[in-house]
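Below: a set of structures, written as structure tokens.
Two complexes come next, and they have one chain in common, subunit A, joined by subunit B in the first and subunit C in the second.
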Partner chain A sequence: MQREQSLAPLWQPKVRPRLGQHRALNKPLDKGTLFMRLTMATFLALTVLAFASFDYQGINIYNAFLGTIDNFRVLMLSPQLTHFSLVEAAEGMLITLSLALLTTVIGAILALFFGLLAAQNLSSPLVSSLIKGGVAFIRAVPTILWVLIFAIAAGLGSVAAVTGMAFHSVGYLVKAYSEAFEEVDSGVIEALRATGASWWQIVCQAVLPTAQSYLLSWTFVRFEINFVGALAMGAAAGAGGLGFDLFLASAHYFDLREVGFITYLVLAVALVLETITTQIKVRLRVQT
Partner chain B sequence: MSLLTVKGVSKHYNERIVALSDVSFAIEPGEFVVIIGSSGAGKSTLLRCINRIVEVTSGVVTFDGLDVGSLDKRELRKMRTKVGMIFQHYNLVNRLCVLENVLHGRLGYKSTWAGALGIYSEEEKAQALRVLRLVGLEEQVYQRCDQLSGGQKQRVGIARALLQDPKLLLCDEPISSLDPNASKVIMDYLKKINTELGITCLVNLHQVHVALAYAERIIGVKRGRVVYDGLTEHLTAETIHDIYGSEAGDLLLGSGGNHVG
Partner chain C sequence: MSADYLIKKRSNTLKVLLGLGFLSLAAAFITEYDPVTGLISGLDALRWVATNFYPNEQSLTRLPSIINRLRETVLMSIAATTVAAFSATFFALLGAQTTKVNDALRLMSRSVASFLRNIPAVAWAMILLFTFGQSSLTGFLALFFSTFGFLTRVFMETFDETTASSIEALTATGASYMQIIFQAVLPASLPQMISWMLYMVETNIRDATLLGILTGTGIGFSFALFYKSMNYHAASLVVIVIVVTILVIEYISNHIRRVIL
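On to the complex of A and B.
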């Protein structure tokens, strides 16, 4: 025993790096790596084959390539509004942000309630697993599909977009919220039960105060997702806002400069949102 | 009449885990009783069967004349207000301040919504401040609980239980996470609460020497059964050995010989 202990510090620093090197050099070609490499090789072969067998219909690849570069240059380097005024663009942005806010708020309110019922420590096992299964299904279907499904009843437009996006938000937030609730120390819940507190009192006095920072940050993350979603839905589902302006500028007016301007506008707002999220996360880490 | 009677109580968590089997005892008003036993003996389960945080498998618990097992939801809440509970890990809401945590002791008395929204009367707040003064925390009233030391957190736990205006205090290893100095402070507070406020105390302890120093009566639990129930001075070294098995040597040695009064 004693000899082993006294030897250990001498051995460890010398042996460990050598072992590591040894392993890295002779890394065996296990099944996973082999499969990955085969897949990559197949993709490569298919890509080459596809380019060789395309029907180019007399397009000169060289010219086409130059044209694309030129378009990209116009898009990125000379942004300009022509068909919309700056006020209209700002208005579009406001509509898109409102869409994101509305769907996030609706989603958050519903998710708060269902999240409580889905948390194993606050609900019965049956109700919890039913809700968790349900929201897993909602999440598995992409947002755009939900919008199209609701469009059957509401017609393509802002109503279908809001409903579909809120629906998917509920699925996402119920999972995030219920996991935050399940993190709450079971002893604290037990202590409040022992004082004679009721379910709602325990939720409001112990669970929500403990989980609130997590709830807030998850909600904001979802707001970011919904901002991107609102942009896409504006174009795809005709929900209006900046996404629709973008759609008009590109598919209707073929105005690359305008597309460029809107892209920069979106980028700016996305950056601001990203900064706020990072700030929230930093503050969270300090607090908890 | 006994304040608490436990009659033939058994608890099976599942087919294999039998936490309690056929436990019976009675506690008179004003007693200070310590339950000792090695870890896993069933001490925590026993305390939780009393206020039905854990449902018994069989047997009857009677508190203050009420058959605890037959109470409906509302009656159970009302009964729980009369049984304070403190814990090894304090179990406070760390993000709330000391006063808010202490006021949780009133939740069982309030309407659901007043309690949920944290609306307390001036009288309740004044009472909370009085209790905080009693446990020496008048300086920390608005401090967040995660900024307190272990001993201070446990005093908040005691204050929360006292605000319930309880007849019985259940203490589940109240000093197991504390250093010896803080442990002594907490045990002295519990003793003071028992003698000065006349609140009956049922305390789970792992440490035999503390039990010997503070208890009037000791209940020894081993593998879910009561193996000793009697006055502290009648507890023999053999019985302690029986209760703790091979652990007993360490426990008694660690305490020295200076504690038993």
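On to the complex of A and C.
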């Protein structure tokens, strides 16, 4: 059960309420219920405020909606490449996937190292909280900003894109990895320590083999995210690949059919990646 | 036997790592990424950030306009999350195994969610730009579609996990579908659902920054403006403002989660 939860996306709470324990059934208004209502009310109030303060730029919303539906029909029903050849589109996809792969591999190697140092059961409290604080900061900065910041020094291109995205991946994976390490049975580590095993021996013989499948699963989830990220970096930071083609097709050529074709291509790859992730998760669940 | 097993496992791990290494080399070749240059320029960039990328006194005068833009982005993210959560609740009820009405509707709502979720927000933005131009609605709708797809999936999982046994019990007492939904499924799943909404707000603020750069709205537009005019002091102020906002929201979310779960 615990293992299953560690596979849920990051920041998912660890406790699941059961119906019988639901507080509202026992007491009419306790702190939990009050907080939930306050949160909901805040969400609603801010949403109303948002719609009131949106910058509509005088567009006719009704027409825009109808137009979007119309565009969507063209997009989905008659996809066609005009400015790119099929080979170029495939090449773009290959570049985007390569960017995602490189970022994930570099991020995973660094995160493995920092994740071990960030796990409370394998590291000192000071080092652990320092690293955890550091990666919380890294995660808070949107990926695109990291890429653009690195691009100032390295110039726009694959170097800036991979470095910037790897930065964010490290932030994400260190959190995921260290939590997987922290779930390793403390008895095992203690027993090994009592036999005089060194830190490296404990890590290589006990921690890594136990956490292996979770590390794999998290890394693949991150690959999925990095694929979308690589696409976005192509569009917004000129990192090349299919994202840049998409940006050109939409913002330069205004070619709906081409946007449609690229969207289909992205959708197909994303669906395959999602299926693989689900399969990995299902297999892990069966094992436990 | 066990020695064989260990050797086989080791060699399998080795094969996977070798394969991955080979793929990475191919990827580096395709994207013309040189790891050494990457490392050096990465360190260079960090040095540059330390010496040039900080707000100065002059950039502080831009703070009011930056805060204004930030407010737009935060509100947009929250609005997209709220509207998406309402629609996702409806779709997830139809799509979850435990609360489905019939299999056809279940399949339909699952496919719609999967379709919307797997088209990245960037692609949505590029599609919506045609009709909604540079208004806030472009960003809002792009965020809405991807959030809606994601929340439908996790809400379905939540419904299935939290309520399977209680639904059976309620059905046995003769409760109607609506009674089951409003008396059992939603109350039991609500804490989890709110937790996911808080998570999406954080994610959406980061995504909204990216969309803002593409569509010229919100805090992303502020950053792009200063970045392109090479006013790096002001750009760094934008980054700091975003970091503080996200950390504050993360802190509030964690506090709410601790109380409600």
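The criterion applied here is as follows: the second predicted complex is superposed on the first by the 219 of 288 C-alpha atoms of A that agree within 3 Å, B and C clash if a C-alpha of one lies under 4 Å from a C-alpha of the other, contacts with A are read in each partner's own complex, and residues count from 1 in each chain.
In this section, a residue touches a chain if its C-beta (ideal position, glycine included) is under 8 Å from a C-beta of that chain, and two chains touch if they have at least 3 such contacts.
Small disclaimer: the values here were computed from a predicted structure and weren't measured.
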Partner chain in contact with A:Ile95 - subunit B first, subunit C second, else both or neither: second
Subunit B or subunit C, by number of subunit A residues touched: C
Which superposed partner A:Gln80 touches (first subunit B, second subunit C, both, neither): neither
Touched partner set for A:Glu190, first subunit B, second subunit C, both or neither: first
Partner chain(s) touched by A:Thr278 [first = subunit B, second = subunit C, both, neither]: neither
Partner chain in contact with A:Ala206 - subunit B first, subunit C second, else both or neither: first
Contacts of A:Ser124 with subunit B and subunit C, given as first, second, both or neither: neither
Which of subunit B and subunit C A:Phe51 touches, first, second, both or neither: second
Subunit B and subunit C contact sites that coincide on subunit A, given as residue numbers: none
Residues of subunit B that touch subunit A when the two form their complex: 51, 53, 76-81, 83-85, 87, 89, 91-96, 100, 104-105, 107-110, 112-113, 115-118, 157, 160-161, 164, 170
Footprint of subunit B on subunit A - complex, ascending: 185, 187-188, 190-198, 200-201, 203-206, 209-210, 212
For the subunit C and subunit A complex, residues of the former touching the latter: 20, 23-24, 26-28, 30-35, 37-38, 41-42, 44-45, 48-49, 53, 71-72, 75-76, 78-79, 81-83, 85, 114-115, 117-123, 126-137, 140, 154, 161-163, 165-166, 184, 187-188, 190-192, 194-199, 202, 206-207, 209-210, 213-214, 217, 220, 223, 227, 232, 239, 242-243, 246-247, 250, 253, 256-257, 259-261
Of all residues in subunit A, those that touch subunit C in their complex: 9, 11-13, 15-20, 22, 24, 31-32, 35-36, 39-40, 43-44, 46-47, 49-51, 53-57, 59, 61, 64-65, 67-68, 71-72, 75, 94-95, 97-99, 101-102, 105-106, 136-137, 140-145, 148-150, 152-154, 157-160, 162-163, 228, 231-232, 235-236, 240, 243, 246-247, 249-251, 254, 256, 259, 262-263, 266-267, 270-271, 274
